[in-house]
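Both complexes shown next keep chain A, but they swap its partner, so chain B is in the first and chain C is in the second.
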Partner chain A sequence: MGDLLNAFAVAGKSALGFQAVFFALLAIGLNVHFGYTGLLNFGQIAFAMLGGFGIAISVSQWGLNFWVGVLVGIVATVVLALLLGLPTLRLRADYLAIATIATAEGLRLLFRSVSASEVTGGTRGLSAFNGDFVSLAPWDTGQRYSVLGTRWSGGELWVALVGWLLVALLCLLVWLLMRSPWGRVLKAIREDEDAVRALGKNVYLYKMQSLVLGGVIGGLGGMVYVIGTGAANPDQFQNANTFLAYAVLILGGAARVLGPVVGAIILLFVIQFADTGLRALINNGVIPEGLLSATDVAQIRFVLVGLGLMLLLVFRPQGIFGDRREVMLDAR
Partner chain B sequence: MRHPSATTGRPGPHRSAIRPGPGGVVRGVLLRLLLLLVAATGLALLVPGIASAEGETIVGTLQTSRSGPIEGIEVTVATADGDEVDSVETDEEGKFAVEVPGAGQYTVSIDADSLPEGVVITGEDSRTVTVDAGRRQPVQFGLNDGSQGSGSGNIQAIQLLVDGLRFGLLIAISAVGLSLIFGTTGLTNFAHGELVTIGALFAWWVNTGLGVPLLPAAIIAMIGGAAFGALNELGLWRPLRRRGTGLVAALVVSIGLSLLLRYLIQILYGGGSNPYQGLGTSRAVDYGLFRLTNQSLVSIVISVVVLVLVAVMLQRTKIGKAMRAVADNRDLAASSGINVNRVILVVWMMGGALAALGGVLLGLSDQVRWDMGFQLLLLMFAGVTLGGLGTAYGALVGSVIVGVFVQMSTLVIPNDVKYVGGLLLLIVILVIRPQGILGSRARIG
Partner chain C sequence: MPAENTPTGATAASLHKGAAPAGRAPQRLAQAALRDIPWEVGVAKPDPAIVVENVTRTFGGLTAVSVDHLEVQRGGITGLIGPNGAGKTTLFNLLTGFDQPNTGTWAFDGKSLGKLAPHRVARLGVVRTFQLTKALSRLTVLENMLLGAQGQRGESFLRALVPGIWRSQEKANTAKAMDLLRRFKLDAKKDEFAGTLSGGQRKLLEMARALMSDPKVVMLDEPMAGVNPALTQSLLGHVKDLREEGMTVIFVEHDMDVVRDISDWVVVMAAGRVIAEGPPESISQNQAVVDAYLGAHHDAPLTVEEEDRVLAQAEAAIAQEEHGGGEVLGTDGTTGRTER
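On to the complex of A and B.
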């Protein structure tokens, strides 16, 4: 019983912590891409990596101010979106999917390579760049605080608080944008690109703007993540995370402003609960060691996410909040 | 320039190390480097997975191309303060492993005087390494067997070309199914890499678990791969098509399937990499302009034979013609009396069997790993896109070009970023000729 309560508490912490903010932001960006515009971006994690490393490299390697680092990260994501969109946005959805996933994997391999390690720290990554941000916290970040039965460090609380504020602001922004004429054009592109073109709109330009906007939001997610962990390592940005973000988006409901937020909280709660619960069961001997060892549990989350993605898309593509008519998954 | 020497190190800019010398027999150095790359990538992929499970160990191999593995060299490990931790001798494979009491800095030194005749250490005879918690930390020593300094750039280019051909043919074998599945059903199957992994793993299990030689094991794995492909089609994709699931939704489903299978495989198989058994010598044979291990030669021959058979089948047999007809225009094929569902089932079985064979060939050169298929998937996509999505011959031509390009690119870029070159090629193709070499304009939308 105590284990169960503990699993609840740990899962709750994970669902409210900066990891949830990270996936919520990734998914909000994907919502702009996929939910509203119908762009199949499978390289969202690359935007997050550039955002995170924008700060890390600027501060740790170039000795710049933290906020300049944030700016560098944003500029880097914009540049990536432009470079990626230029060749691929004219093509069909699956080409964009292949190109984006290839870019994300290629960038990660490049960042972790020996030749890049002078700038990116290679497989060791970079650290000690979030001091300026953490010192802004109005409370003592060295102390630990008890929230809902779990211990949070002051720094974690501060990053999570700022992160959720950022999520709220961006949700507001997305909401405002999507009810503006600009947002209606995006949704129209999702439904019927040719019709929009016939109305004299420059579809390519709108898609590009959508790609940049969603990419920057994903980049902000990466910043929250590296600030939260205090280190930036290329291997934190595995492309499986992009698919986790898709699971978050589709679970919450694509093309809904709050879908990604609800999805992130629920999904992180579920996978952390499964994680902690399984570990407890293994430690108590309920699950024999031969069947599943404690080290395997870390992989269970991806198995769950994969299964969840398949079941959701087959049985409930609109997720919790979505509108089935609006989730036109056959859009370009 | 150093000659290939102590390995199991981090993948580095080993360009100098892959230049073969004229005399002596060069082992499949390139293959080994590729393997190192894959293995080292994997180590980092598993971050919380296996890393925390083991104690800290320092490992390494002492060998050169001419002398082979060097046995009986004393390796001493000391802490940063100079206290000796342990002293071991290398085994018959030239390998050593020393368990250390915890994370931290250690000095590893070898006894230079006990090295065999003609082999000298280039550089220091001791190395300082930092061992992270729970890691096996590789350490390498530069050894020179006197065969250095005479490989010319041309020879190296030919060597890389031959190896690129082997790699490209392997990609082609795996990718034919991917392209035909796309052509016949419109599905962009992101779970195709897992077909490759499962084939390699199945063969590995039959090979090492049941003690069957690799050739029959590979054939059994191909049958298993065909069965798994059929299971995919009958258990998942045919019902989904019947429900009218859209292509983009199906694409995301295939990603879910890929994640599910890949991490399930990691749980069942573990994060390590294992070789096949009973392969015989892995020494390279000198063919004048290039050197090739017998395994690589067999790999190339099998690839060519199988691909020719596939081409003949597509060109001459009834089912092959039906496949091309369905890929070209599904409705027209259906209305001219072709049983489309049966054709698609055969495509899946063929794709599964070929992917399994590709997996075995990849496992032969790079060992068997849980994520080997996913690593290959992006290169398969690059090959298929280059050749033209949906065409069988396009997949063939494109894959070979990608394989050669990836290997040849190590002439100018470091070895550990060579896949990046392949992925860059993919994006360049999309800019210049998105329909690929053999694709038709109408397909790209």
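On to the complex of A and C.
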């Protein structure tokens, strides 16, 4: 019983920590792209990496101010969105998908390559760039605090707090935008581009705005992540994270403002709970060592997540917040 | 353009009509204006809204559209008919910027539309509907309608963030949309997803949505296709109303009764060319049109001599195939190439 409570507490910490903020921000960006505009961005992690490395390189390598680094990261994501969008957004949706997935993988390999290591730190990455930010915390970041049954360092708490504030602000932004006529045009583009063109809207411009907005939000996610871990390493930005972010989005419900946030909290909770819970069960001998060893847990928890997603899609295809009528329209 | 020098009373009359009290019998001014026009391909109209000049569009070796000269009378309903594959929809796509021609120019109200993007054409007042109805399924009927309104302040990214800037305009647009929805008897459905509407209702919605932009020219691609007869009558009424409001209507249709009923002028296309134009009653007598629809040669049975000739050709081909391999390969190659 104690182990179970402990697993709850650990999972709760994970669900509220900066990793959850990271996935929530990735998914909010994807929600703008995919949920509202129908753009298939399979390389959201590239935006996150540019955001994170924007800070890391600016501060550690170029010795710039932390906030200038934030600005550099945002500019880098905007440039990436424009570069990806210019050639592909006039074409069918598939081409953006191809371009983004290739870019995400290519950029990561470029950042970790030996030739880039003078700037990006190569496979070792960069560190010691978040001091300016952590020192802003109103409490002593060196101390540990007990929150909801687990221990948090002051720094962790500060990053998570600012991260969730950022999530709240961006949710507000998305909500404001999507209830406006601008958001209506985006949703219409998701349904049928040509119909929107025939009504006198510049579809290309709207898709570009959407790509930039979602990309910048993803970039902010990357910033939260590197500040949280205190280090930026290209291999943290595997493209699998993009698909986890999609899982977050589907879980919470696409085209819903709070869908990605709730999705991220639940996904992180489930993964961590499965991890801690299974380890506890193995240690206690409830699950025999021959069936499942502690080293397999890391993999098996994703199997459980996959299983859960499958069940969700069967029984609640619209996600937690989605509108079932909307999803059912596709089946007609 | 010869028509520019001869403005008749039609322009002035159609302008006045907008102000005239409703409820009078429809005047069909365009029909009157077109009465004395010769029934010739490429004939000049008294007051053309759209003028097409030497437009061609080819897809590989196939010439989908090749129109030398075509004028569309303002304020009238012009029916565009022709057998399947005649290039009607391609011509629509070219006129609305959805496709670019290989050669040629066309103008709307004297402004050249060449190389304009679709949304720019729409902003000039030329809106279209689609053969396969494009209702925006996961938007409500009212949202569909509001999307049609032009010049919305709230459609710019930054201004969208300040509702005060666009709220009053949105209110006005909503009132206008509700008026149109009532006219098209869709007002009860305003909060339903457009995807839940029936096929005919979607056609109505698409037409109503196009009207939200106060168009000057409405291009309807098969507005009656797949619509039940009761709804067809109401759709026809709506199309006639557009003419009463002074809009120019161009529509593609296969149902000849419909075409005869509402068009002031009919343009017949076949194999990418305009083969005939004239008032609806002229069309069924036109030999070129009959040939295009029913075929000029294949309606008569083969004569005995023809049969013999075909048989002889076939036998010769078989005989050739049975002799010398290299020869045969050569022939196969050539036939293959010509077919492609």
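Keep in mind that, in the parts below, the second predicted complex is superposed on the first by the 300 of 332 C-alpha atoms of A that agree within 3 Å, B and C clash if a C-alpha of one lies under 4 Å from a C-alpha of the other, contacts with A are read in each partner's own complex, and residues count from 1 in each chain.
The criterion applied here is as follows: a contact is a pair of C-beta atoms (placed from the backbone, for glycine too) under 8 Å apart; a residue touches a chain by one contact, two chains touch by 3 or more.
Note that the coordinates shown come from a computational prediction; the quantities given were computed from them, not determined experimentally.
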| item | value |
| --- | --- |
| Touched partner set for A:Arg144, first chain B, second chain C, both or neither | neither |
| Chain A residues touched by each partner, larger count belonging to chain B or chain C | B |
| First, second, both or neither for A:Ser113, with chain B first and chain C second | first |
| Chain B versus chain C as contact partner of A:Ala188, first or second or both or neither | second |
| First, second, both or neither for A:Arg316, with chain B first and chain C second | neither |
| Chain B versus chain C as contact partner of A:Leu91, first or second or both or neither | first |
| On chain A, positions contacted by chain B and by chain C | 329-330, 332 |
| Chain B to chain A touching residues, read off their complex | 10-13, 41, 44-45, 47-50, 52-53, 188, 240, 243, 245-249, 251-253, 255-264, 266-267, 378, 381-382, 385, 389, 414, 416-417, 419-420, 423-424, 426-427, 430-431, 434, 444-445 |
| In the complex, chain A residues that touch chain C | 173, 176-177, 180-185, 187-188, 190-192, 194-203, 209, 325-326, 329-330, 332 |
| Contacting residues of chain C [partner chain A, same complex] | 96, 98, 117-120, 122-123, 127-130, 134-139, 143-144, 146-148, 150, 152-157, 160-161, 163, 166, 170, 193, 195-196, 206, 209-210, 212-213 |
| Chain B partner contacts - residues on chain A that touch it in the complex | 40, 42, 86-88, 90-95, 97-99, 101-103, 105-106, 109-110, 112-115, 123, 235, 238, 240, 243, 246-247, 250, 292, 295-296, 298-300, 302-303, 305-310, 313-314, 317, 328-332 |
